[in-house]
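Next, two complexes with chain A in common: one pairs it with chain B, the other with chain C.
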Partner chain A sequence: MNWNLLSEVLISAVRMATPLLFVALAELYSERAGLVNIGLDGIMAFGSLVGFLVCFWTGNPFLGVLCGALGGVLVNMVYAFCTVTLAGQQIVYGMALNIFAPALASFIYRVVFGVSSTLAQATLMKTVSIPVLKDVPFLGKLLFDQTPMVYGVYLLVIVTAIYFNRTKSGLNYKAVGEYPKAAETMGINVVLHKYIACILCGFLAGMGGAYLTTCYVNTYSDGIVAGRGFIALAAVIFGRWSASGVLLACLLFGFFDAMQLRLQVGTDLIPYQLFQMIPYVMTLIALTIFGSKIAGPKSKGKPYYREER
Partner chain B sequence: MNEILRMEHISKQFGDFYANKDINFDVRKGEVHTLLGENGAGKSTLMNVLIGLYQPTEGSIYLHGEKVHIESPAQAVRLGIGMVHQHFMLVEAMTVMQNIILGDKRYKGLFINHDARRKEILELSWRYGLNVDLEAKITDISVGTQQRVEILKALYRGAELLILDEPTAVLTDIEVEGLYSVIEKLKSEGKSIIFISHKMREVLHVSDRVTILRAGKTIKTLEASETDGKELANLMIGRELVECEYRKAEATGEPVIELKHVSYNKASKHNGLNDVSLAVRCGEILGVAGVDGNGQSQLSQIVTGVTMAEAGEVVLKGCRVSHMTAADFIEKNVSHIPEDRNRMGLVGNMTVEENLLLKSTQNCAFCDANGWHLKKKAMRAYAETMRAKYDIRCQSMEQEIRSLSGGNQQKVILARELEASPDLLVAVHPTRGLDIGATRYVRDTMIEARDKGCAVLLISADFDEVLQMSDRIIVMFEGKVMGEYSGKNPPIQAISLAMAGK
Partner chain C sequence: MKKILAIALVLCLAVGMLAGCAKEAAPAAEKTFKVAMICDSSISDGGWGAACYNGMTAAAESRGWETAYTDAIDQSAYADTMISYCDLGYDMIFAPGNQYSDAVVQVAADYPNVAFAVLNGSTELPTANIMSILPNADQIGSIAGIIAGLMSKTNVIGFIGGMELDTTKSKLAHFTSAAQAINPDIKVVSAYAGSFNDTAKGMELAASMINEGADVFFGDASAVDSGARQAIDQANGDNVTIVDIGQPADLLGQNPCVVSSVVTDNAAMIAICLEKVETGTFGNEVVFGSLENGAVYLGKFNDALVDADMQTKVADYIKQLQDGTFGN
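Right, the complex of A and B next:
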């Protein structure tokens, strides 16, 4: 493999990893507050549609991303109300999002564009190169010639790491996911934290969805999310519920995604579907190896009600 | 003397059930006021009302003479009320220091000022004699130390009124002494303490005043100096309590189960067995004494077939057990009162009746066609007999078992396990968390089973229980058997030393 090819695959890996990273961070914030949200795929689908529509109408991809994120928050509030206020089963409502949100997105798309064979196209977000740094050989193009979304997500990884490891507020936030009753007796508002977690989760997952239609391809189609929400879910487990771990996991999954794309181009003999499997197979393998150990926030997945006896 | 807390006419209702009814209670500055009552008397509920975890259905709370409405634990903390819960409110994945500063709102700023906080906490711990390693993780420290962290946590938040909910339940004798001195220190600094307990001895030792609760109501408030254990016990259970002593078994029969040089997870001091040999004979109770977490759990799992020994031999009724499951042990008439009744002994969401029959689903008295059809009527009739025979108090047989009190849950397990007249009964902490009445009942029933010829292996962290009931006693320490002693006039001093590994 020559330098150019490697560089190409890596650049593609970074691009593939970005939406995963947004969504994995969304899940990290959710699980750290004890809420396992498996509805990421649904939130992403809705975010990708809203992002696309706004971008299509206004021609402004940034506005598209913002609205996609807000759309994600809106959808996730259903989950928040059911799991926090009504203390319902998280898996059930997560699954409900997965069924409901993509269907809603698909419905809205057809209402707006009708059923036609031509795809509506919107503007793609332009890359912003950082002067000087982008000319560093090899790394320059990889790290400093990307869309602002990519810079944003890496900044977010750093902020998240600092937040959870260094700040008072981050400590309180983690306590909610570990032992909500203890947090409550320490004067931490558990319900408020869980709602904040849902807002953050919806926002970031919606953003991850909108990235797909504003930075990655310039159209919306059903199934565009393609299970990325579940891969992000795996990335959180693989990354041991830490920001840096999640970053590594997403880059790894992104790399496999880029590699399979590259391999598809390279050969005619092997059906391309086989290569398409690679990221999902890697997810399975990662979960088999790392998912078995009990880890992560202790009360994740458990409903919390204060007056429980 | 100035009063700092007064609770008037407090009632708390859960559904149709009153956990607290018209309770009056007050605390003065610098005193230890004990709330005494059996399990389910409403002590914890009352305290949860005080710290704002529950909202009272009726009644009012006065702090320093002013009426307050405590809506959340956060507010209770602000008002200077700190509680050390029976089940510790500590985040295991975090360090001692992180747990103490959790939720602290007194200092502004985004980041944690570690040095300043550490200095402040160390000062407090020195002042009250609460030594802890601030950097240790909660999972790595002993239960006694965890309790010190809880007290420190409350003091760090400026608690003036400290609630200790059954603080000695989880401590060893030495740790209890340490707790007493901490309480003295707190009193001398002018803090007030609400002490919750159902152990007479310690109540008389630490309290200034005692309030007795029974069935959710206040019975009486007494000066500790003007009462004695007997009066308190009678008030608490509402009838005369007769001290009892069990007769020790004279002759014993053949061994029912024998362990020969059994090891399991040898490397672990707290979760393994190391070269354990013992035998339990017909018609005797073999008591296993020792501080919790010295291999008792593993022992109980091996003698009931839940796990298999890694080395050594297990002989059950003369056959060597090598590949047997828990089901095979049950087939061989081994009964098990597991250590955690909620997790291992019962299915919480199933009814009382169903739990009673968990082991009898293949019994043709209760089902046809190899268990494909259950005979509901026969099941009901059987359950009703058990209810009468074992004095299980519940609203109906259809009630979910988790809504029963601990004592009644234990009676359901006893009924299920003893009705088969087992050859071997393995009872692990059979009276843990039970009140006096229920404890007495469980012990009587086990003695009765022994007298019928059942071999009983009693594993308990309650030393008094082991002494009272056992015909022979062995002591476990770090997975090893430290020695065997006679149950008749046991050498208490030697056994205590063995429990500490000496």
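Right, the complex of A and C next:
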């Protein structure tokens, strides 16, 4: 394998891993507060539409990302109200988001653009390269010639890791996901924490969706999310509910997905379906090899009744 | 309370049935025919879905039909969606792709009075209420191959498919053979996105093919093609050296890299089916679309990218293709 190809695969891997990483971090914040949100695909779809529309109208991708994130929060508030305030089943409402949000997104798109065969195209966020460092051979283009979103998400991984492991507030946050009743007795406002978790989750997942339409491709089409929300969900489990683990999982998946695309282009004798399995198979293998007894936050998936004994 | 509700419901049903009877009694001359389309990609995808939808509406308008559509549906919903339209009294269901064949066969058996038209359906598919609309995939692939063979400077050309459908496979095969008939040194790189929606994947595939040296692209993957074109535009910058051949509508002008398109006139072929439904002669037939009957043709060229000399050469080869002498 020559260096040029390897570097190209790695750049592509970073590109493909970034939206996953946003969404996986979103899920991490949600699950750490005991809320399993499988509605990520739906939140992403809505975020990608809002991001695209704002970017299309204003020509400002940053505003697009921000509005996409806020759109994500808005959609996730449905989930928050149903699972936290009404203490409903998390899986059910997550699934409801997956059905509701993408349909809402394609409805709005249809209302705005009508039925036309001309493709609406918006401006993409420009890459910001860091001077000097970007000229470092091999690593330069990989690490220092990306959109601000990419730098942002890696910064967020570091911040998340520090927050959960090194701050009191982070430990309180984790306590809500582990044993909410004990947390409540220690004066932690569980319901407030759960709502904050939902806001963060919606914000980041919406941002991940908006990344697709403002930094990656310049069009919106139904189904653009293509199951990335579920991959992110798997990445959180694979990453053992830690920021660094999630980072590793997303990069690994991005790398194998980028690689399978290159391998497909290189050969035409092997059925392409075999290559398409690679990222999933590798994730499975890694999960079996590195599998540990860590089972995630203890109270995840369980509704919290404040006055129950 | 429950009883009142039950009685009310029964009354509703009875009134509904009466209304149904009244409708059937209306004179047949006033009947407005209705056609519905299902689609797995979006009808505003700027590619396949859009072209098929526009084809259907154009055909329906020419014959005074009403239209409806359901798009962006999963494979699991193909049959259910069609059944809903059958129950709503639609006269014809238009399924724009080979991938709907199984679901169509399943539903058509239960609704013998509804006509089903399958675009790119196989020649074995038609029954008493199913017809295939079959644009000549071999010719479509060959036309694109001719352009690619003449235009490629790097001798590498790229093909991106959505799913491995029969029509996609034969487009790829003829794309390859036609390009190689013109320039034996041509190498074809091909890949499948495994989806018709994942625009980002189209981008990645095109980027990796550009890295392999590909400079003429052709695709058969709806929204994925849009992603590929974006990657090509990005690689080109201001100077267009890598080009894309569009299909199935004339996509010239959508992206700077589009050099020409292989156009399939779906409207004309769908209109034939509509006419057959009206006259009651629908079924057991394949409507072919080809260069010969004008349902497949080469779209306009981007004159800035292709000089007149090259355009004449392409036209000559396509003439040969039509006469059956190409490649001999």
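In the analysis below, the second predicted complex is superposed on the first by the 279 of 309 C-alpha atoms of A that agree within 3 Å, B and C clash if a C-alpha of one lies under 4 Å from a C-alpha of the other, contacts with A are read in each partner's own complex, and residues count from 1 in each chain.
Throughout what follows, a residue touches a chain if its C-beta (ideal position, glycine included) is under 8 Å from a C-beta of that chain, and two chains touch if they have at least 3 such contacts.
Quick caveat: nothing in here was measured; it's all calculated off a predicted structure.
Annotation for the three-chain superposition on chain A: chain B and chain C fit side by side. In the superposed model, A:Ala175 lies in contact with chain B only, and not with chain C. Applying the stated contact rule after C-alpha superposition, one finds that A:Ala183 touches chain B and leaves chain C untouched.
Touch criterion met: A:Gly223 reaches chain C, while chain B stays clear of it. With both structures placed on the common chain, the touch criterion links A:Glu8 to chain C but leaves chain B unconnected. Legend: residue contacts after superposition of the two complexes on their common chain; A:Lys298 is shown touching chain B, with no touch to chain C.
After the chain A superposition, the centres of chain B and chain C are separated by 130° when viewed from the C-alpha centre of chain A, nearest 10. With both structures placed on the common chain, the touch criterion links A:Val111 to neither chain B nor chain C.
Looking at the shared chain after the overlay, A:Leu269 reaches neither chain B nor chain C. Looking at the shared chain after the overlay, A:Arg166 reaches chain B, while chain C stays out of its contact range.
When the shared chain is aligned, no partner comes close enough to touch A:Val132: not chain B, not chain C. Ranking chain B and chain C by residues of chain A touched puts C first.
Once you line the two complexes up on chain A, you'll see the smallest CA to CA distance from chain B to chain C is 23 Å. By the touch criterion stated above, chain B contacts chain A in their complex at residues 14, 51, 53-55, 72-74, 77-78, 83, 85, 89-94, 98, 101-105, 107, 109-112, 153, 157. Residues of chain C touching chain A in their complex: 41-47, 50-51, 53-54, 71-72, 158, 164, 188-192, 194-201, 203-205, 207-209, 211-212, 223, 226-227, 230, 249, 254. Within the complex formed with chain B, the residues of chain A that make contact are 166-169, 171-172, 174-175, 178-179, 181-189, 297-298, 306-307, 309. Partner chain C is touched in their complex by these residues of chain A: 4-5, 8, 12, 15-16, 106, 109-110, 113-119, 121, 212, 216-219, 221-224, 226, 258, 261-262, 264-266, 268, 272-273, 276.
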